[in-house]
Amino acid sequence: MGDMNIQAIEQYRSDFLKEVEERVEEGHWVKMCMQCGVCSGSCPFGPHWAHPPQEIFMMIRAGKREEVLSSDSMWMCTSCYNCVVRCPRQLPITQIMHGLATYAHRLGLAPRNQPTRDFSILFWENCTKTGRVNELKLTLGVYFREGLMAGIKKAWNMRNIGFGLLLTKRLNPFELFKGHACKDQKGIHAMLKKAQEIEARRHKLPA
Amino acid sequence: MAEMKTAAYVCRGCGIGERIDTARTAKVAEKEGKVQLVRQHDFLCNAEGVQLIRDDIEKEGVTHIAIGACSRRSKTEAFYFPTVALSRANLREGVIWTQPETEEARETTQEMADDYVRMACAEVKKMKLPAGNPEVGHAKRLLVVGGGVSGMTAALEAAKAGYSVVLVEKTGSLGGWAAKIHQRVPFHEPYQDPAPTGVTELAAAVTGDPGIKVYLNATLSRTSGAPGRFKVQIATESGGSSAEEVGAIVQATGFTTYDIAKLPELGGGKSPNVVDQAGLEKLAMEAAAKGQPIRRPSDGGEVKTVAFVQCAGQRDETGTHLPYCSGHCCATSIKQAMYFKDANPGVDTVVIYTDLRVPGNGEDFYRSGQSKGVTFTKGKVSSVEAGGNGCKVNFHDLILDDKNASIQADLVVLATGQVPVSGVNIEKQEEMPAEEKKVISILNLDYRQGPDLPQLKYGFTDSHFICFPYETRRTGIYAAGPVRRPMDMVQAIEDATGATLKAIQAMENAELGRAAHPRSGDLSFPSFRVDGCTQCKRCTVECPFGAIDEDEQRYPVFNESRCRRCGTCMGACPVRVISFENYSVDTVGSQIKAVDMPDEFSEKPRILVLACENDAYPALDMAGMTRTQYSAFVRVIPVRCLGSVNSIWITDALNSGYDGVMLMGCKHGDDYQCHFVKGSELATYRMSKIDDTLKQLALETERVATYEVAITDIARVPRLINDYAAKINEIGMSPLKGFA
Amino acid sequence: MTQAVATNQTILVVGGGISGMTAALEAAECGKQVVLVEKLPTLGGRTALLYRYFPKLCHPVCGLEINLRRLRGNRNVRVITMAEVTAIGGSRGDYTATVKSSPRYVNENCTACGDCARAVESEIPNPYNYNLNKTKAAYLPHAMAFPQRYVIDPSIIGTPDAERAKAACKFGAVDLGMKEETLQIKAGAVIWATGWQPYDAAKIQPYGYGRFPNVITSVEFERLADPHGPTGGKILRPSDGKEAKNIAFIQCAGSRDENHLRHCSRICCMASLKQTQYVREAYGDEGRSTIYYIDIRAIDRFEDFYQKVQKDPTVKFVKSKVARIAEDRATRDPILHGVDTEGYHRYENSHDLVVLAIGMAPSVKGADIPAEIIADSSGFIEAGANGGIFGAGCATNALDVNRSVQSATASVLRAVQVVNKVARAEA
Amino acid sequence: MAKKEYAFYPGCSSQLKASASNYLVSVNAMCKTLDVKLTTIPDWNCCGASISYAGAGELPRHVLNARNFALSEQHLPGQDIVATCAACWLGARETKEKLDASSQLLADTNEALKAAGLHYEGKAEIRHMVAVLIEDFGYAELGKPVVKPLEGLKFAGYVGCQTNRPFGIAGESFENPMYLDKLVETVGAEALTQYDQKVTCCGGALAFSETEKAMKQIKDIVESAYDHGADMIVTPCPLCQANVEVYQSEINKTHSTKFAMPVTYYSQLMTVAYGGTPKEAGLDGHIIKPTKLQEIAVKVVPKR
């Protein structure tokens, strides 16, 4: 999707704020931040953020496009909503972080092998395939994302958990072959395809 | 005036009766106080007791009464007898509440009570019922100096209240700065968009008001007189001159902008593309007139990016520029950024600030600016490179901690500060030739102490008092608007309205011969005996309010309506010719002498405490209310201000055998608390001089001590007294006892 | 106070704080008849509960003393305490206000000798120390109370305690039979100066006010520093009475916050700067003050004070809105979590005491507001188009004392315009 | 007690043999006692949870939830939609609020739904089971069926994030919600109200992708429960339950701690207190066995 990035750079020149406002979920809120920093201090994964939300908002205004979109900070959001309920300007920070991450991913600027990104994609694919999550495949998917050996190693480390869940009937080995699923999968897929088209249109994204 | 008939009343209530032998005290009043009528009562402040006194006044023709009961600060509603001279002996807070309730203490407590009654009797006999300042003025016309928003508001509001107005404006038109701006910051909800200034309508209202006489292109060449009878000479550009009589003055001479040429490092004066906020307003008005967007001054090119540099030459700690914050500039820059955003959202507007200062509802305006896309960056601008058609603003981005941040802008707006137009700094006028003074001066007062209002700080003629923003040092003259303090338009309007009320009040009081704040309503006034005056000028120099001028023979001229009744002149006078009807060298002197002085072997020293009635005396009262004990050897006399303390009181006290004198006044220095500005400071200075006198009398210098006391020193004041009593005990009794 | 008869040339002032007192006095000193109605048993309002004023660090009661002396000396003002205006009828130049007064149970015979208080046993939370300590149920609000008259708390009426108070008074000042009264007062103009109240700190949940004893508000801190306060002027923290030497001041506690008060309360920055100097006064170089702020709003000459405090080595400034406060279970020290946004520095700072620079909410109850007065969305009032009711002081905006007095003085001229018009009409 | 009916949105994790299947079991038992009829929304689909954003984007996420609303409106008209899973409820509620606020978004959503032959009216209400218990019953009512008060058991009420923020249970505070403690007290157990990690984030979905970081959170949560003397943790959220329970063994490995703190659901407490069997309460679904709860559950119920 690199071409999409080039297209964006050309379309918005140096105006990264405008780009964010038009293309990122809830991006129009970024300008309302008053740099109090309450979000940055509220995040449970705060220490792991190279750039906390309030700083990211400032970077966006300062036009630091590459630093922001290639940062893995947004991917640290656990969706705990602490920042949202404390923000004195009522910015939907969780959604903005998700939105930025999503946008970065779509432009192909998100850091390679960002585990949360991979998991996010995996989860979406997993749950939309049949309309419901296949937890076993999902879990294995996470383990094996870095290849077979790594996967086996990880799975081995986590075997207690796996067995635990198996024994307590909270993990179903047969999901590997046939898991839970919606009946109208065709409808769901059509519906989602349509939704993606509309969204691209709304966010001025090249179809 | 009918001849004097004196009466004394001793109350037995609130425990006085139990703690003091009031019969004996009453006798003291009769025999020593030489009072014609003496009564005791169990509950003097109740209806019956008060009626008793009233009857004596009406039926017995009593003219002077001394009441021995609670503090003069208590039960003032009950003990209100406006037709007679009144003194109060503080037997409750001042005696029984501060003395131990023990047998041993009985004697000293009794002595204390007896002395206070002696003092009250002596004092009241020296008092006259103030008749009111005879030299009243009847002018009910208000002079407003300055035709900006503040001045116009003052004129209109006064007119609405039914007072006629003379408005003098230096330039050829009304409006001041407000006429030079495109739009103003909103005053009302929703605080979202710039609003029309409404200055044209305001000016029209002023010129259209039959009660307001407007002089344009005019200045004041001379201002003389006093509240109620100011005479002003108005010089017009055409060389003409007219005279007006007015009752009070509102000075609304506003401000000028700080010269951006003094800010070359920020591109000031370097390029037409670097303007101050006033400059941007000019551009905005021109553009609006043409119905065009604001263009780049250098070449008329399109403006794509505008940078606003806040605190330009303000909040400066290096001493080169303005040290203060002008308060309005943040909101003004937001407003000006909106000029661009509202016209074309595509224009980038960046406000570079260190603290964004938009108090109150200004926060809504800030939000509105953000939602319109104005970018706010916390940073310190190091330099503006101005040349050609672009400017480079270099700054330290404090959030991203980027020392080398920069913005390329077509236009840079420097938020410079307000510089007050306050005329001559009279504290520094010596350096100035008279002619120059005349030109710069705004009021050209012919006051002994200088041609303009005293300045507080940085040229602003503000009040020093937080509780009393309009307390001015020139009675009847009130500053309003940015000349008083940096402020925006909405504040200026409020300020002008308040100042106008005070001016109206001054006129009303002047007509009745009453004092203005803080002794508002006081009918007493200073009078002096010409024979005996040595023309030493101390009174004219030291009057904190410039009330006293000098006549041709260099005798002091008391402009009573300018006077605040502090008595600083009385304290200053070396020959004691200045006095008030109810407060004089005698009223206090006689109290000092009235005290019964035990001999040197009695082991009963006597310590005189002269306490400022504003802070020290209430503190002593409250010490009593909290039953905090202090030495029974002190005798406290409240004074209007330590500045009114005449050295003779000290020497008299020492000569008549007092072992020590404590002076308790308010804090002085930069954050002085003295309600008469310099009183306590003067007193301290005068007392430092008294040491020589003490040496002549062969007395230890410790026998006179001065203290700065706050009204909250309820625990400290008794401590000071006790420590001092201990010290006197150390150095021993005064050798002068018995010689008096 | 003579019982000045109220006419439609009278100016009614609602609220006896610094703004209301100023309005009443300035009007009276212009020769106008004034009725001043105060809800509480004494005049003085919130300023009487402050230890010092910024930026001079002078004492509010000093100005109060002068105002009280002006009041004692002026017969044009009639003061009605413990009373509230419940309704206003009529129109500009001709109003009738309904005033409901609650019983003080002490009449004008009171000499403030204090015998009743000594006789009474039960205690009530002391409202003049923000309930930080207790006072007798028969009490003089404070040393500067005006009228200087005791109050008997309704809670003891009908109990033996009340009878004890009655028995103790030699002057028949205790009148347990007093009832609530309603009176009608005519007025030509009304000045509404009902002031402000501290925003409810418990609503700012992340700061744990109410959950953590060592988190207090700025108004409470004033009482701690005041010699007449619950600690006799010692800065001791609530949990264990230990000297609080390391104090955090959190700005915008409720202000500039769409979850709480939208407006900036204006005074808080200066108040905290001032309070750091209380800490210095108490502990000298051992004191530690940290101000957590978004913007320091020290406008005009207040800047001097800001610069002075910045030079004080015991005061630190952190540009950050504190995210949350946790409590050390053992020491009960509040631990502040947040990010210094000037260059992104994460902190986890432990302090002895946290002072919330609490926001200013207008104390204008919807019911109180006559139709003529418009309240903005924050609850501040402004005068209607051509009414005769005017706002003054903090009821109209978040103002410091100096500006409140300005506002009050201005409101008087507006009122004077109305009554002068009436006078001219009647002349 | 009148029968109450709701449209039920179980969510993926509550399905048979899924990670929170025992949650569903206990919820069913609890509802039986309370005479609540839950009718599962036919052919419901995954909500996308909060983690699917990068793949989903905005609209598709809303559309997923809207599909469930539409199905509910169609098959179970007039019934409130009740979710037991915190993430399902939050995702759905968020979509609901968004669509209510923006006619544009609603139109877009329906345009997409049309492709699946569905239409969303905007009628359906989205509620969490806890809200139903508190608002439609109230603590007093919930207390009535208790036959085995859980006397002597100490619970750390771990509320977590998503039932609490940004919407939360009406009348509760974000920083110190009390409802879980109140429920615990309602069933006769002791609530450790001072438990200071009750709203700490467990890492949520990032427990999968950023396991070490999440484990630090979980460690705090469990540690504090021990510090406050808890016998068990109780929670309303399946992901919280799973994370906090299953990672304890891992934490023990890395930090050589000896964590074995059972993590239960409020519905299990209620089921047991209502006299349900261990099986009905889904107590067999725990890796760390809630033994003390088990003991009470196996006790013979005194005849009512």
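Think of it as A, B, C and D in the order they're written, each chain with its own count starting at 1.
Quick note on the criterion: a contact is a pair of C-beta atoms (placed from the backbone, for glycine too) under 8 Å apart; a residue touches a chain by one contact, two chains touch by 3 or more.
Here the structure is a predicted model, which is why all the values come from computation and not from measurement.
J.: Fewest touch steps from subunit B to subunit D?
T.: Minimal hop count between subunit B and subunit D: 2.
J.: Quick one: how many steps at least from subunit A to subunit D, stepping chain to touching chain?
T.: Between subunit A and subunit D, the shortest chain-hopping route counts 1.
J.: Would you identify the chain whose C-alpha centroid lies closest to the centroid of all protein C-alpha atoms displayed?
T.: Of all chains shown, the one whose C-alpha centre lies nearest the global C-alpha mean is C.
J.: Measuring between mean CA coordinates, which chain is farthest from subunit D?
T.: Chain B.
J.: Could you see whether B-C or A-B has the larger number of C-beta contact pairs?
T.: B-C
J.: I'd like to verify one number: the distance from the centre of subunit B to the centre of subunit C, where each centre is the average of its C-alpha atoms, in whole angstrom.
T.: 23
J.: Taking each chain's centre as its mean C-alpha position, how far apart are subunit A and subunit B in Å?
T.: About 64 Å separates the centre of subunit A from that of subunit B.
J.: Averaging over Cα atoms per chain, report the distance between subunit C and subunit D in Å.
T.: Once rounded, the distance between the two centres reads 47 Å.
J.: In whole angstrom, how far does the Cα centroid of subunit A sit from the Cα centroid of subunit C?
T.: About 50 Å, centre to centre.
J.: So which bits of subunit C are touching at least two other chains?
T.: 206, 256, 319, 324, 341, 344
J.: Which residue numbers or ranges of subunit A touch two or more of the other chains?
T.: 34-35, 54-55, 82, 85, 89
J.: Two or more other chains in contact with one residue: find those residues in subunit B.
T.: 356, 378, 399-400, in rising order.
J.: Following the definition at the start, I'd like every touching pair of chains, please.
T.: Per the contact definition above, the touching pairs are A-B, A-C, A-D, B-C, C-D.
J.: Subunit A touches which residues of subunit D in the complex?
T.: 12-13, 15-22, 43-46, 48-60, 62-64, 67, 108-109, 111-118, 161-162, 165-166, 174, 200-201, 203-206, 208-210, 213-214, 217, 242, 246-247, 249-250, 284-287
J.: Taking the touch rule as given, give the residues of subunit D at its contact with subunit C in the complex, in rising order.
T.: For subunit D paired with subunit C, touching residues are 173-176, 196, 227.
J.: In the complex of these two chains, what residues of subunit A are touching subunit D?
T.: Against subunit D, the touching part of subunit A is residues 25, 44-45, 48, 76, 78-82, 84-85, 94, 98-99, 101-102, 105, 110, 115-121, 123-125, 127-128, 131-133, 135, 138-139, 142, 158, 160-161, 164-165, 167-172, 175, 180, 182-184, 187-188, 190-196, 198-199, 202.
J.: Can you list the subunit C residues touching subunit A in their complex?
T.: Listed in rising order, the residues are 206, 252, 256-260, 294, 319-324, 337-341, 344, 346.
J.: Inside the complex, what are the residues of subunit C that reach subunit D?
T.: Within the complex, subunit C contacts subunit D at residues 205-206, 208, 211, 324, 326-327, 329.
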